[in-house]
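Here chain A shows up in two complexes: once beside chain B, once beside chain C.
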Partner chain A sequence: MPFSDWNGKMSEIKKKIQSFLPGGAWTQLHDTSYLPPEHSDVVIVGGGVMGLSVAYWLKRLEKPRGAIRVLVVERDHTYSQASTVLSVGGIRQQFSVPENIQLSLFSFDFLRNINEYLAVVDDPPLDIQFNPSGYLLLASEKGAAVLESNVRVQRQEGAKVCLMSPEQLRNKFPWINPEGVALASYGMEHEGWFDPWSLLQGLRRKAQSMGVLFCQGEVTRFVSSSSHVETPSGEEVTLKRVHEVHVKIDHSLEYQPVECAIVINAAGAWSGQIAELAGVGKGPPGTLQGTKLPVEPRKRYVYLWNCPQGPGLETPFVIDASGAYFRREGLGNNYLGGCSPTEEEEPDPENLEVDHEFFQDKVWPPLAQRVPAFESLKVRSAWAGYYDYNTFDQNGVVGPHPLVVNMYFATGFSGHGLQQAPAVGRAVAEMVLHGNFQTINLRPFLFNRFHLGEKVQEHNII
Partner chain B sequence: MLKIILPTMMLIPLAWLSKYNMIWINTTAYSMLISLISLTYFNQSPDNNLSFSLLFFADSLSAPLLTLTTWLLPLMLMASQHHLSKETLIRKKLYITMLITLQLLLIMTFTSTELIMFYILFEATLMPTLIIITRWGNQTERLNAGLYFLFYTLVGSLPLLIALLWTQNNLGTLHLLVIQFWVQPLPNTWSNTLLWLACMMAFMVKMPLYGLHLWLPKAHVEAPIAGSMVLAAVLLKLGGYGMMRITMLLNPLTNHMAYPFMMLSLWGMIMTSSICLRQTDLKSLIAYSSVSHMALVIMAVLIQSPWSYTGATALMIAHGLTSSLLFCLANSNYERIHSRTMILARGLQMLLPLMAAWWLLASLTNLALPPTINLVGELFVVMASFSWSNITIILLGINITITALYSLFMLITTQRGKLTHHIKNVNPSFTRENSLMALHLLPLLLLSLNPKIILGPIY
Partner chain C sequence: MVAPRAPLHLMAPVWNRGTRGIRGLSKAVAPEGSQRKERSLLQFLADHFYDVQALREYLLRKQVLKVHQKNRPFTHIKEHFGPHAAGAYFILKQGGAVRFQGKEWIRPNARGRFSLDFLTFPAVPVEAVDASGSAINYHGLDSLLTLKELQSLWLRHCPHVDDWCLSRLHPLANSLQELSLAGCPRISERGLACLHHLQNLRRLDISDLPAVSNPGLTQILVEEMLPNCEVLGTDWTQGLGLGPEEQSQDTASPVPA
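Right after this comes the complex of A and B.
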């Protein structure tokens, strides 16, 4: 009954009136500048190089300027666990899938002309410290035929790769021990390594100048509406549409619902969790409804060592037949390297702690065998980073989800995302703005392939 | 007149006392019945008007506007059902009460006889509109929008109060039916110039005139759908109606005082039409197109010839229905896609063909396709201004071209083209939405069969 707590209600009303009379200490308008806006046309989950690239290209390809409002939501602004900044930073065209080669070629062109693409008025030009030293892939007897066919595909796409025999190897790179190497492919142009942090900062600066909004927070919920439709084959599916993204602020329970039209999942190693939040994969297994996004974080170690007698300045990024790799870092006889563990030895991706035993057991022996100078080296430091590993076929997922119709993916690149980020960003922007891929046809990379079982297997995964 | 005002007032208890599942049905149905009553006012005698009392009367000018206002209330209620569905019952009833209060004040404004009463109600309509914009708008910018809306209109209309009080003291009365016989030519002094400015500025801001139009895109874009509809359809016409009434006091000063405002209107209509071509936000485009159409009305009222008054009246009614229809269409898009950006939702004709038909008809009426009343209004205004000064035909012709350009641009961007992937599962059109569009278009198209009822007092 409304009259039972009359006194209580009256005192509440009196308190309220007193509080907003002048002289009271109550203010209605709090500062909410740390919150994301209440409405954004596109919300990009993940502020690594992939998310920033999509944001940049969306702003660059929109027809009338200032048409789309883009919000990039990044959980950790120090990027302490992001794959982008922990990456070794190489770019190569030596892939087996033609689309990968095209993506890397365009990305190389982007990086070469980065100051034309990412110039901001009154800001200094970017220096990504690009070392165009090329990649050297070594193959044993078993892999020689595959290597040769790969090189043929790469040459067709326009990459400049040459095949070398062991003698040619020894002539060109005297520090190498070509024992066990049957064939080598050496990328002569458009390959090398660069500083991923500068690329990230350059993209961020340019995106900010184009009007992209950044916000620090974690996406905890997608509010969506769904409708049941029947496919031509009679199967009933649920089409979903995300219309609100809840962004939770760090160290607080506060969240902001952002009303949006399109969500882009560029969350890297955590894309699988984001996809699950949106309802991807909730259904009976084997159907399109129940196909999850097969991206999970995999930990990879990178070690930095110093070897005074090591290979010189011309050293390319060497990938041994055993899977171990290294590259020169800087001018002080330092080298970066590592090795992908086999399926059985996969480290636990719970944290980013480094296993130094791994270096002693798995990385050093093959490298020392390949480069005799590496028998005496001193490990300076090591770190670990995540691959956004696509367990299906180790290639990226690009494009919209067939059922959650306004979620686009740009993730799952399993270790070669950084080098393809500019091209993938452009492809996703074209998909959003024009409805199809216009420059590089990434139809094989759509989500559908997980359900249809069409693997785009990439053989040259480090 | 009380036969409309009392039922409208009683709609408020109807809204508060209805059950939760009957509030929309009750209020929509009864407000539609009230609008049928207002149709009886079209039975005007040619030389005078329908005089109901000392306070209210219905002229050939105010009858069409009154009918437009009463017709719009059921349409506003129909349009608001979806976005209010998630609010609590009391909030819904509050919203409906705001709309009905606004309706009441507007009815009284259009039919008032005394200019002071007109002024009071003119200002009073600001309050419910402000509440609707700032409380139920969608985005944080709505606070700014409400501020702009309120203060532009207030500052413009306070001098009007002073001018009206002075005129009342001077003439002895401000009864519209009396002053039309009592008015004498104003001598050309500085104080009369200021009087002219004071009288006209309120309506110039409301129309809005090009230099004072900044509040309109903000208010229209941030308002919820019913707010946008009533702003575009009726509140802007308050300015036109007021100007047409007050200019009878201000002769012959208008002959030379009108020049700057004519220039601003002529230039402004081309400018705002051109801005429409560059707009990315759908509601913003429709808002600027409102400014452009109203600039034509300002021009017509300032020319003060019989044909221009006819054109102004016809244009006001036609624009009211068209603009409101366009806002409803934009809202139906927004409710599905949650974004007002045009390029994010393309190729809708494939998904929602009936809605595409309404879009087509709305764009065609917006660009003044014959034989709609939009064309009748525009044509009369163009002819009157040509006879006032030959050169204006160039500017008006450019404006008509650009209007056609942006209307078709809006149509083609949203309806034609390749369907974007992320709108493939939008809900199909509701019957409520289709009937909303049909109820807007039906009067518009039927009036092209008998436009003389909206051609105003001079016809």
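Right after this comes the complex of A and C.
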């Protein structure tokens, strides 16, 4: 009988009808839904927490609604090497630079009200699993004065940090051995750790609902035009403007040129390469044209261990004077921790292989000395992730490039990008939409400082 | 945290117990036939028409603003009558009850009115606050944290008290002796970890917290964290595999006097 396969035919007919109704993917020739659009106002290179935050804030601050077309290009849709998801997920205000403190305070506020900012109708509320347990920074004799002045700056900006002597430390946390500690600073509020993957998913979901387009591909080329301008002092400067971004599709030679007005470099550990593609740093060294973006990938290890007699529920995120850190993970006496290597011991960032010797030699001894219970522990797992390390002063680069006029940076945070992402996203969106920073003044973080040599050195980097 | 894992189970605690408003409709607690049809019609409209979506978002925002409005501080009372009176007024406005040192409990009546006698003795500190069931949230705690001699705080079944609110309670560490958080849908073990600042706490009630993943283990850890405190929670055997009839018996947690 002709209609024996009625159900099969019906579903095919339904599919065909759905495909040419508005919203369906119907092209007369072939399906190109995996390609990015041909035109986009803003192209964000990098779909990690920084790029998504910029996308979200661009759509949120735009006037009128729906005015700006935003495209986020992310090379790796599984985020297997992205710094965001491999991060330990801490947020703290205990920095030395006031702008960092303000960024982190706003980001905390954002995380606290995340379901007001990122609410999507009909979707369940986000739970970022925030542990408001605070950070505990320990300083030896050498670092005590710096710690105290930092705490003063932090309190001025509104952080709730208190100083503790070794005696008070022993009373509050009996599992700590305060030998060698001269002073400790304990953040009581607005600090803790959370799940970066949920934040990423939440931002992505909200951005998608606001109309941001996502594309999986790699940026391989920027097509730009130059114009020569003479400065008042008679020098000739070449200003560049990016017109097209070539996005190459995975496992294929096919690429799509996306015409764009603004490019945002939020590529994390690979921002240096993206900047080079755009022509940043092509010039004689020592000039503004020859100043490269000093962001490079640095590998950092994180270890997860189990210690049955370890510190209890009240454990904050402890950063020892030696640079080793740890925090509680879950309720099963598991702890996450690591240590930043010195310049000489920097591991090769070629891949994300873990060096277990590093734990035995550099992480375990200082932690076992600080917390005697850690003398017997068992490492359960370990992973490695990249810092988008700013070799100049370990602080972020935010804002436009002076010569490549429509490229904006949001990168180089050297390990504290996740906790500042919501605030930096807003700052970059303000810069793009209004031309200046309106809420938090991030002028010290502009690109110019690399050429002028003005370091904004952050001392509390872990 | 750990390297990327498969779809995270977003805990969706039941906030709005009523089905008032469009948001209540969208979170059909007991999806019956007609409610489901209404929800999918609304969802269908919102998916296809920007106006409906904007309207729903607007109504959502209005609900949030309502809670914020309820939690505004009363600065003029604070300036004229002091922090204790301001805190008491705030709590009474929310529908809670207040007890001053040496006096009886003051409660608003069924119509929400209460006597303003306490404004006549501004120097008497507030000793006990019962804000159970009120809409107090993170900002509303501003009014409570100035009550430096508060001994007993009850926040039972408060829908907007969450982990962040618990991290704010440390200024009350010197005086607070009794704290009850029973039935708050948004509190999890992560917020309970902040309670270690409250070293003078003698009674803590953490029963019936739906967002706590491991009630038995959490209770043991909290007891270890606060050695001088009597922790009332669920029976520690609840986490173990029990039959359905035994489980329903155990969930009747001891109610503090």
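Everything that follows uses one rule, which is that the second predicted complex is superposed on the first by the 434 of 462 C-alpha atoms of A that agree within 3 Å, B and C clash if a C-alpha of one lies under 4 Å from a C-alpha of the other, contacts with A are read in each partner's own complex, and residues count from 1 in each chain.
One rule holds for everything that comes next: contacts are C-beta pairs under 8 Å (C-beta built on N, C-alpha and C of every residue); 3 or more make two chains touch, one makes a residue touch a chain.
What you are looking at is a predicted structure, and each value in this text was computed from that prediction instead of being measured.
Enquirer: Touch check for A:L293: first (chain B), second (chain C), both, or neither?
Expert: A:L293 contacts neither chain B nor chain C.
Enquirer: Considering only touches as defined above, state whether A:H39 meets chain B (first), chain C (second), both or neither.
Expert: A:H39 contacts chain B only, not chain C.
Enquirer: Could you tell me if A:L313 is touching chain B, chain C, both of them or neither one (first, second, both, neither)?
Expert: The answer is second: A:L313 touches chain C but not chain B.
Enquirer: So in the superposed three-chain picture, is A:V280 touching just chain B, just chain C, both, or none of them (first/second/both/neither)?
Expert: Neither chain B nor chain C is touched by A:V280.
Enquirer: After lining up the shared chain so the two structures overlap, which partner does A:M188 touch, if you call chain B first and chain C second: first, second, both or neither?
Expert: second
Enquirer: Does chain A have more residues touched by chain B or by chain C?
Expert: C
Enquirer: Examine A:M431 and indicate which partner it touches, taking first as chain B and second as chain C; both and neither are also allowed.
Expert: A:M431: touches chain B, not chain C.
Enquirer: Considering the complex alone, what residue numbers of chain C touch chain A?
Expert: On the chain C side, the touching residues are 1-5, 8, 10-13, 15, 26, 43, 46, 53, 56-57, 60-61, 64, 138, 163-164, 166-168, 170, 189-194, 196-197, 213-214, 217-218, 221-222, 224-225.
Enquirer: Of all residues in chain B, which touch chain A in the complex?
Expert: The touching residues are 138-140, 278-280, 337-339, 341-347, 418-427.
Enquirer: Per the contact definition, I'd like the list of chain A residues that touch chain B in the complex.
Expert: These residues of chain A touch chain B: 37-39, 41, 62-64, 66-69, 227, 229, 239-241, 243-244, 259-262, 400, 405-406, 408, 431-436.
Enquirer: Chain C touches which residues of chain A in the complex?
Expert: Touching chain C: residues 78-80, 85-86, 88-89, 112, 116, 119, 121-122, 124-127, 129-134, 188-189, 192, 195-198, 201, 304, 312-315, 328-329, 331, 336, 381, 383 of chain A.
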